[in-house]
Amino acid sequence: MSKIKKIGVLTSGGDAPGMNAAIRAVVRAAIYNKLEVVGIMQGYEGLINGEIKKMKSHDVSNIIQRGGTILCSARSEEFRTVEGRKKAHEQMIANKIDALVVIGGDGTFSGARVFTQEYDIPVVGIPGTIDNDLFGTDYTIGYDTAINTVTEAVDKIRDTASAHNRLFFIEVMGRDAGFIALRSGIATGAEAILIPERETHTQELQTYLEKEYKEHKTSGIVIVAEGDKSGGAYTIAQEIGKDHPEYDIRVSILGHMQRGGSPSAFDRVTASTLGVAAVDALLDDQKSIMVGLVHGEVSHVSFNKAIKNKKKVKDSLLILNDILSI
Amino acid sequence: MSKIKKIGVLTSGGDAPGMNAAIRAVVRAAIYNKLEVVGIMQGYEGLINGEIKKMKSHDVSNIIQRGGTILCSARSEEFRTVEGRKKAHEQMIANKIDALVVIGGDGTFSGARVFTQEYDIPVVGIPGTIDNDLFGTDYTIGYDTAINTVTEAVDKIRDTASAHNRLFFIEVMGRDAGFIALRSGIATGAEAILIPERETHTQELQTYLEKEYKEHKTSGIVIVAEGDKSGGAYTIAQEIGKDHPEYDIRVSILGHMQRGGSPSAFDRVTASTLGVAAVDALLDDQKSIMVGLVHGEVSHVSFNKAIKNKKKVKDSLLILNDILSI
Amino acid sequence: MSKIKKIGVLTSGGDAPGMNAAIRAVVRAAIYNKLEVVGIMQGYEGLINGEIKKMKSHDVSNIIQRGGTILCSARSEEFRTVEGRKKAHEQMIANKIDALVVIGGDGTFSGARVFTQEYDIPVVGIPGTIDNDLFGTDYTIGYDTAINTVTEAVDKIRDTASAHNRLFFIEVMGRDAGFIALRSGIATGAEAILIPERETHTQELQTYLEKEYKEHKTSGIVIVAEGDKSGGAYTIAQEIGKDHPEYDIRVSILGHMQRGGSPSAFDRVTASTLGVAAVDALLDDQKSIMVGLVHGEVSHVSFNKAIKNKKKVKDSLLILNDILSI
Amino acid sequence: MSKIKKIGVLTSGGDAPGMNAAIRAVVRAAIYNKLEVVGIMQGYEGLINGEIKKMKSHDVSNIIQRGGTILCSARSEEFRTVEGRKKAHEQMIANKIDALVVIGGDGTFSGARVFTQEYDIPVVGIPGTIDNDLFGTDYTIGYDTAINTVTEAVDKIRDTASAHNRLFFIEVMGRDAGFIALRSGIATGAEAILIPERETHTQELQTYLEKEYKEHKTSGIVIVAEGDKSGGAYTIAQEIGKDHPEYDIRVSILGHMQRGGSPSAFDRVTASTLGVAAVDALLDDQKSIMVGLVHGEVSHVSFNKAIKNKKKVKDSLLILNDILSI
């Protein structure tokens, strides 16, 4: 039987819709399993500073639908230092916390991995980031919501683009990965999608635009991943516009609204599943792993692998868009 | 090389959000592959009556985001008869249509199966129904949107339930399956979920409500699948209310709004993927099959199996809700 | 100078989106004017029972966008009795509350009026109800949100109605008034709108449907106010369907989702304006009045008039729909 | 009796949500009054080029809920010339169009005014712009929708701002007017609102932020109108950030999504009302006027006045926000 009596849960790094649903699931799964559970504010920073509070079932009532995170999030410079982590460990002892569930991205898991090596403390991670750039899970919490947010915004832009026969370059988030751009591009019927995983030949885009946009289309949408090597929506728009002053070009950077909002049903179910799975993993004597969803089933991957490996975008989706944008 | 030169596409049975995205994908994938493509109005009824029109790329512009189906849908009694299908076949010959893509549910595929047996015509099906009750695919087109629609509606009801400390019984669609109820129940943090796949012991629900709702909760949501054996939300609400006049009970039947609305990003990507996959399957000499998504990859299942087998709800989700509703 | 040092705020009766925005405005306007302010839970019930808590600026942070009411609401039988109001008055003295702001509908204001007569206590009302049925204000808080909720739901139903060429009877809230039905009917392009303020001749509707729906329309939407004398959507649908078995008729009762949801921008601005206006009115020595918006400006109307007079629906809107539904 | 037998309708300038609802109302009101009606594509450009098509009732079915404009819009350089307007007039004669309804903003009305002076043709304008910057109407079509779009986007940003205790500068549209910024700022509970109509003292903002944001607030939102004299969100953010490197500042430019989307119920009702009113005005022998809504009633204002006068923002709303942001 597991010796864990009390667990702590925190959110760290960039926030993502569905983090609250995950917190709720961790808290209730802990209580269901007769564990005590505390919430740690501000990520690792709050662990170091002892911003810790007992969580009961009622404390997570009516939060499943809320964006953001009730535990707040922060990036902690101090936790990167040996002393920082020492303080964190002292707080865990002082508060009798036996194990941690950390919700975040690869930065969060890197910190967790070092911590668990130094102090032999069980830590289980839950993938929470809109970017979907984590190896070991098909979906990260927040990704589906972000895609829907982008899709709704681009639908709106399509209205005005069509009314004026305009060509829009729309930049979406995703750090150095193209997951958001790719799926939202397909979902919005984008004429082209520029992602870091595929080299952007401006010349090809030019040819495509001349062939399709000028001849057939009443509006054009090019989705640009923020990490695309072309340098972002403004740069590529300028380059295209230079050669084609006859295009009526506009640029839109969707920005931080992609990080917020009430989570989609999909993200809530994923977050609920993974929150329970994280507590299960701790009770199952796991440590230094991330729980994920692979082919619809809960899976475990070591922090080490989750951090080191790069998740690939689906080539089939890239091909799909080439077909659909004719 | 395939001898198919011209394909027809139709939507049949209950409509579902994302059908337009699927039509768009079929049309463009056909054109991409140098095929001619026609749209058939009103499902099989329109095939019998020759309501057929040529589709070009532009005809499916700007429809990916629209609910409903631009080809309209209908249930055809005539297609169930030998003569009806004879007329349909004659129309196909007259219009030089070599193969069909049919978008719909099991009724649609049953008709297609008989038709393909009688006339040796290649027909490929795309699963389009909000109910998700088709064997051979993890997701049907429209399911994710319906769950989001339910989730948003229940979020609204939760607001007023909390303000008044009320207990709501909310009935959702799904025919004789509990897929919509189960996932939307988890997504909305429902206190209980009643689905046909699990026997509903009113007594158990009573006990749960007395233990949880009365003691801890500031509001209560019970999601009831329309096919649940308890007889629907009104019946079960009455039964519970009879024994507990002190509960402030309300009932809401969400109804047909679950069938409409702009499709979610997830459904649009699924519909786009399956539309292209259906044309690929035809070019690959497939017939009498449904294309689906299994573990994120395109799969084929015979109409026969898709119709005969019953898709199971995930037990893990049932257990999940028991944990999360404490 | 006003002798008011401390005010209490409560929400009572059916909740409405925007009540939280109004609470926020009352609390902050009070603090801005150097008053103390307390929140009273559960309406008059909480006043009687002393469920009272001090409110600071931070307590109303981040609630402007939330549906429901953080103070909860209830109907209080006890407050209708002399003893109930006596207890309420004693609580006010014990808690040193000099005046009240009550947010609700005519039931709320009726109670307030008696209370202020018996104890000479300044009470100012804010109109909070989705029904818009209060004399003395052009808009009540929650009305615009409810109309948008209905409009979005009917848009979804229109999708599926068009796909199947169906005739829908959709019942909306509004108690014995037709405000919600009328504006949402126009906003959704309804083929007909049935409201209590206009007699419903089933025969006329029949004629209209035969002339328009059968001949020209690909779908039909009839919006029915819950208070309509025809007896509601089910009754009227049955009556029409009896004579016209060839119509493909469906009924949808939108229900309690109309009471919840994040308030629209319009409702938030109205609630913010009226919340500040209510505190201003108290400081201006007003009592027994409701603040409202008339022609975009803050106005005052006595509780007496607000309760007794009946607000009329705009005839111009009735005529408008006759023109637009051709 | 009016000698008008046939009218034309066009949309011009920047598009706005609700333009389709206005087109629908114009077309149906014309038919209701036994007039013929044609749609003119691409604004004045299409009038010059004869892009004109007959409109029947069915042509405007199911468009009330769509963003953009089915008639498309454009800015026409040629219509600014004498020859351009001559061609337009010739087209009107050739097509037997007796009068025009033009939907747009002040540029649209300026063109209309000159045209009606030169050729004595009745032209009635409908105010369609998200900016609400037209004198003679309380609301322009698209304004309410744009505010709701901004409000939903800022709600999302608030989620992530709160999770990270960040200060956001969010730039919204409105050309040289602050209407969108002001109402959406109040609706989102913005900590500060910068609009062209009020001088922005960076120093004051600094003081406010130091007093409020640093001491009390868990997040900060500053709404900046694009026309604000401070130079836009980036400039002001940089200025504030220079002095306060300790603030965690982010900038978001909401961009063109503000111009699209399904119109709000309010905009649909306004558009429907004004569409009918425009046809009524023509039948009433009006010319060279804009129809508007003042205090909820239809009003007429000459193009001359609508163009020359500047609509003022409500001072009461400015004061309101100072109170509510404490």
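Lettered A, B, C and D in written order, each chain numbered from 1.
Operating definition for what follows: contacts are C-beta pairs under 8 Å (C-beta built on N, C-alpha and C of every residue); 3 or more make two chains touch, one makes a residue touch a chain.
Remember, it's a predicted structure, so these values are computed and weren't measured experimentally.
Enquirer: Among A-B, A-D or C-D, find the interface that matches B-C: by residue number, over half of the contact pairs should be common to both.
Expert: A-D
Enquirer: Computing the C-alpha centre of each chain, which chain sits at the greatest distance from subunit A?
Expert: Chain centre farthest from subunit A's centre: C.
Enquirer: From the C-alpha centre of subunit B to that of subunit D, how far is it in Å?
Expert: Distance between chain centres, rounded to whole Å: 39 Å.
Enquirer: Using mean C-alpha positions as chain centres, tell me how far subunit A is from subunit D in Å, no decimals.
Expert: 36
Enquirer: Per the centroid of Cα atoms for each chain, what is the distance between subunit C and subunit D, given in Å?
Expert: It comes to 28 Å between the two C-alpha centres.
Enquirer: Give the residues of subunit C touching no fewer than two other chains, as numbers and ranges.
Expert: Touching at least two other chains: 155, 158, 162, 218.
Enquirer: Specify the contact topology among the chains shown, as one of line, ring, star, complete or other.
Expert: ring
Enquirer: Quick check: in the complex, which residue numbers of subunit A touch subunit D?
Expert: So the residues of subunit A touching subunit D come out as 11, 14-15, 17, 19, 66-69, 72-74, 149, 153-165, 168, 218, 250-261.
Enquirer: Spell out the part of subunit A that touches subunit B in their complex, as residue ranges.
Expert: Listed in rising order, the residues are 24-25, 28-29, 31-32, 57-58, 61-62, 64-65, 138, 144, 147-148, 150-151, 155, 158, 162, 183-184, 186-189, 216-219, 262, 264-266, 268-269, 272-273, 276, 295-296, 298, 314, 316-317, 320, 323-324, 326.
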